[in-house]
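Here chain A shows up in two complexes: once beside chain B, once beside chain C.
Let's turn to the complex of A and B:
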């Protein structure tokens, strides 16, 4: 290994002028025949690391500006790790692993971790943000215009440091601030419906208003001393309207009070405001709810029977998909591996075509081809037979497997071709000499060797098909529905499409990302367990 | 040295990824409203608006006027319309959302529950809009959006095949059969049903989906059961048996058949018209199958203001004073071919008989419910209708089970 022998002293100063290390290294490694290479390599490394560091520092600064401290510290840690690994002589193995590890952290571990975290919250419709946001939204949503009140042309004014409004009420200009209710002002200058000057106040120009939009929209100027008259607010700094608040937030008691009937809504641990008689306000916030989502997932009686059916079908679908595609792919691979077949290259190229078309497109095409009345299969091939390929429970399952076979066999064909060609010819010859027939050779020599090579890929294919959402969604959308279930699930739904429906991500119910994440983790565990067992089985094959 | 190259790629990837997920990587970080952004130098009303492809040019036109008159800037961000709803919900709480987004009125229940939209006071402007448009954007007494277009379905008639508008469903079927075409009338359905297209026929039996309050808003009480609903279910079964309705007819098949002159009638909306060039068309009210008027759903498209925008004043100013003009609404009409929501603009647009036809049907229509409960209805509704039409479900039992299942879903939510 001709790793650049970076002087340790330089680890802390990667941006040092390149001339100096070149000179020093040249002297030190003068006896080494690779000295010139190493030197150039080190300079290159230095340049690349400088680039990486510059990018990293940029990300750190950007994260700081956005107050995203999680990203900031993650990036700082990654940068330190990268610099240590690539300038230290001790971390040789890490030099190879680090890039992959960084990707793994960002794209896998973080995603899984975040999903796991969401699974323990009530994130979803109605619990979309923080409590602070929910309170603000509730207050804003529950302001009502005072009945029968007019719209007033309005100007934003300032008195000392206090913002205020001046409104044109008929011919009279009235002005006030949050503390001072509106009072008539004499000698104001009005042009048309625009107030130009208000004695005692400074009229703010548009730029000044836009510079403090949040303050202006939050400003409430009481109409009079009587709270019933409401207070003036504006949204566009041109028109003012009198409002009263239906809800008021009591910060000390952490309650919302309905001012019309005095109902008190208390903040609860599940992220809503609830009154004593059980009514809740429509905006809630995100909280950690512990294992509640997992309990919900398994306690709803409506899902009990469909879940068992869907679990069984998911496993059957994934397993059958792997078996059928592998057998067809293997068969074709063996046929086209025979040197007597002419034009093998052309056939092989043609066979890969289904693999080259995006899966969701093929699924859509097939759903058209399988249309009961107008589809090509029924209409042309079967002479107008109205066979419900996608509407009969068993035929729909068959269609799904059939389309998946069409989509999946080229992949298996490819890997089986590769594995077959890798089997040493002398093994087959030895089998022949030992008197084994064709089938015996295939059964005892070819297949075990093939399975050793393709076993992990078959397991990966199983895991993929276990979550093959695209195909199910594009071809049958899970249909036909279970006639005896009270939930929108069907005979071809697999676990992942069930999650999509149950958690409302498809729009059929209020979205519940917490529940969706919890169910995803359950699926993760199922797939993980099955894959682990399968891997253990394939390891036995290798011992043959 | 080779190993450094993948590493740079990794660092680049990691850097970009981390930047990209800057919004949601910190879920627990307490939100500090107003302090951060207002501390930055606030430029004069710089707005960010999410628009879809159809609407982009029209919004930019109004934005140019706004920019010229106020000195603010408007940045339009092109989004896929189907992504806007979820992205808006997710991004507003992070502070990364736009100031304004285009949207549909039936998102309203979800957006308010998530606290991501701000009410807009239209003031006296409200009376300048079609009543149904403002009603559709009203939730619990407050208006949440500036409407710009109204869309609904009607009966599209090929005048070469059927010279007169049918009065009832049976008339339409008879006229269609008399025309000697392949299909008497085309109603898209598909194996999972299409309750949106079927809705006017359902209301003609007096079975609306939810109870309606006096002010036009919906209460979360199912109304599609009862006698009217069952009569509708029986009718579906009869039409399915007669072959007039067929679950094999999807949107694509229906549109293609109508364009090929295979039927004098199709129930559909303005979005189909692009496929019907060269045909002489007329838009009629949807013929009632029951004894009550056939009322389709009205969808209203509009602009929402981000509930946590730091530019509320500029945003509302832009919407109320620059998008609620006849000029702007007509530009949006030219782009999307939906009748405008502003009455004056709609009057101008009605010089086109097709637009006038859809608008006339829309005047009798009802807004699509925007209450969150509506989401639980669709999934059961369409499949049951399709099942009854195809004969796999017995009409009365099937319809009653559907009502019970929807109620179950509402209770569980």
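Let's turn to the complex of A and C:
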């Protein structure tokens, strides 16, 4: 494949050719001021830092333009850190750590913190943005044609890829697109009430308009930057009508008023406008809701029972996966741990095949093999039986464990073989001299040593399977669905796939980032606790 | 085998003195192991045989694939031409390669710093890395999605549906995953070597690039390969970030084939799976010794 780092035969074979001392940021030269060093390395460092700074400044400016101050300050901080570290003579260790650390801070540590913050908000569908955005969206969404207003002669125009309108308002031609509010255009060519040419825009012909009819009738060109001023829309691409919102935002009282029936919607602390009789407007904004998401996960009727079931299954799945794969792997390792067996190398190479194959391919392959009607297992091996390996709640769980056994036993086989071979022969001999039988030697000498050697790996394997999203999602997608739940969860869902379904990022369910993040935090806590306890335990094992 | 271990047998055999066992005794001592071995190999290999058969089957459906090697043809492989398969392959290779190289360089640099320099915050940093290692990055995929949503507004090239953004996200996990493993390996390189080089006038960067990196080449290869392989198979973050079909990776694309139209696209999937798996498997078998060494030392393969 790519990056063929072939030099495995010799420990001293070159991996990083010295003739190409790039790195991510030239570390060739430190603050050393040997004149002879101020050559290639220093120039390279300058060039790389110039590039980094240029990109950084670009991001800063772009963030400034978009009013994204979080990104702006983060970038400024990173730039200062980078320039200090690489041009100072003091922070030598940091020169090596910073590149990885910068990525780690942004894409691992920050996102975990961000997850924690989102977990305490109602971020999701209906609560996607700030209050300001929500008000604008509400005003835009609730526009109606102004009763009895005149039609403006209108022409469909295009600017770049964006459709727009040009309207004749008295003698003035105004033009704009969905993003650019209407603005007067000088030197437009008008004949009667028809606009023929608009400088800066391309006038679309009849055919072009017909081809994009749906887009044209859906187009909304705002009259000004203020959404309360309304917009121009058209049905027939000839006449434009003024639309204004039936909602009015009263900034002083912080209420939305429906001008058609006078209903007053008050802004509430949970991020919506609600009327006195309990009706709410469909766009809200993001607010901190405290522990509400956690309460939902543990006590809301829709989520609580599935959550408990899924939590139990996640732990069972991870634990059983480790146990079954370890037992099979250990058994095979013992079988082949005998110098008299010929061809052990070949056996070994063949047995690790399932592990060498990328996991997602295996999972997909097995989902076909286990297919209820057409799968190889049912159709051929079981002579046409229609067993719902992936559609029956219990069989689906069994299938998951079975497929994971196939995927995972080679790894356990490898580490068990390694551990067995590392047990010193004289220990076994000593046990024999002391009169221990085969079983006794095994139980009192081999097994403890084996567990000390493989313990941390078994824990890592547990943690990995605890979050084995790929396998579960590719094999069963969490299904079969719970019968009693209105949420997209199923019998084989594990916590991480529950997070995925609840978050709605794939568009199959309403988005609920807040609840999904809260569940992620729960996983963090569980995985962290288990790892901490387990590592402490294994350290104890080592001391013995 | 170098070490003499008679663990399972209890009957010490002189390694050089091959006594021939015959008949019943042979079976009880050794023969049954071959029986177990063959059964295990059948268990391990039959899905693989099946996928080859399905890839070569000219019917291209799940049912049609059940008669192993009934009809052999290359139609499925040819049909991949009409899909995005080769885009996905290229995307996956580019993303996994860059991630692998970046992971190795950044991880090795950090491991070098922790192993060779004494600075304030070193112990805290090492402990923090151990802790971070426990929390896979993908747990925060919702926040990653939201972060890229925001970044995309500022710099579209770093937003959702960008392969570059995906690579950056993967690189964010670089330090957390295998730095500790590398740190341990770096520590096994005697410091006297550095000191000798320093006395000869080498700067710390020269020591790093031209001396240390060569001495730890095996671990670099292992970490790079494992990073490559795990990125190759990474699904959840890739699926969340890459949205248009052209930008997908193999994991996302092949999943789409199997989940949408299992019946119709089965042959295509099988052919694609063979193409995707063969290089990775060969790499794995070829470098078995090194990868296995790394795995038992605590590295992670996704």
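We adopt the following convention: the second predicted complex is superposed on the first by the 295 of 544 C-alpha atoms of A that agree within 3 Å, B and C clash if a C-alpha of one lies under 4 Å from a C-alpha of the other, contacts with A are read in each partner's own complex, and residues count from 1 in each chain.
Heads up, the rule we're going with is that contacts are C-beta pairs under 8 Å (C-beta built on N, C-alpha and C of every residue); 3 or more make two chains touch, one makes a residue touch a chain.
Everything numeric in this text was worked out from a predicted model, so none of it was measured.
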item: Which superposed partner A:71 touches (first chain B, second chain C, both, neither); value: both
item: Which of chain B and chain C A:41 touches, first, second, both or neither; value: both
item: Touching partner for A:252 - first (chain B), second (chain C), both, neither; value: neither
item: First (chain B), second (chain C), both or neither touched by A:365; value: second
item: Partner chain in contact with A:467 - chain B first, chain C second, else both or neither; value: second
item: Touching partner for A:62 - first (chain B), second (chain C), both, neither; value: both
item: Superposition-derived comparison: chain B or chain C, residues of chain A touched; value: C
item: Chain B versus chain C as contact partner of A:207, first or second or both or neither; value: first
item: Which superposed partner A:433 touches (first chain B, second chain C, both, neither); value: neither
item: Which of chain B and chain C A:477 touches, first, second, both or neither; value: both
item: Shared contact residues on chain A - chain B and chain C; value: 41, 58-59, 62-63, 66, 68, 70-71, 95-96, 99-100, 103, 106-107, 110, 114, 118, 371, 374, 477, 506
item: Sites on chain A touched by chain B in the complex; value: 4, 41, 44-45, 48-49, 51-52, 55-56, 58-59, 62-63, 66-71, 74-75, 78, 82, 86, 95-96, 98-100, 102-103, 106-107, 110, 114, 117-118, 125-126, 128-130, 132-134, 136-138, 140-141, 143-145, 151, 206-207, 209-217, 234-239, 241, 282-283, 286, 300, 302, 371-374, 390-391, 477, 479-481, 483, 486-488, 501, 504, 506-511
item: Residues of chain B defined as touching chain A within the complex; value: 1, 3-15, 17-19, 21-22, 24-27, 29-31, 33-34, 36, 38, 42-45, 70, 72, 89, 92-93, 110, 112-116, 118-121, 123-124, 140-142, 191-192, 246-250, 253, 307-308, 310-314, 316-317, 320-321, 372, 375-376, 378-380, 383, 387, 390, 392-393, 401, 404-405, 408-409, 412-413
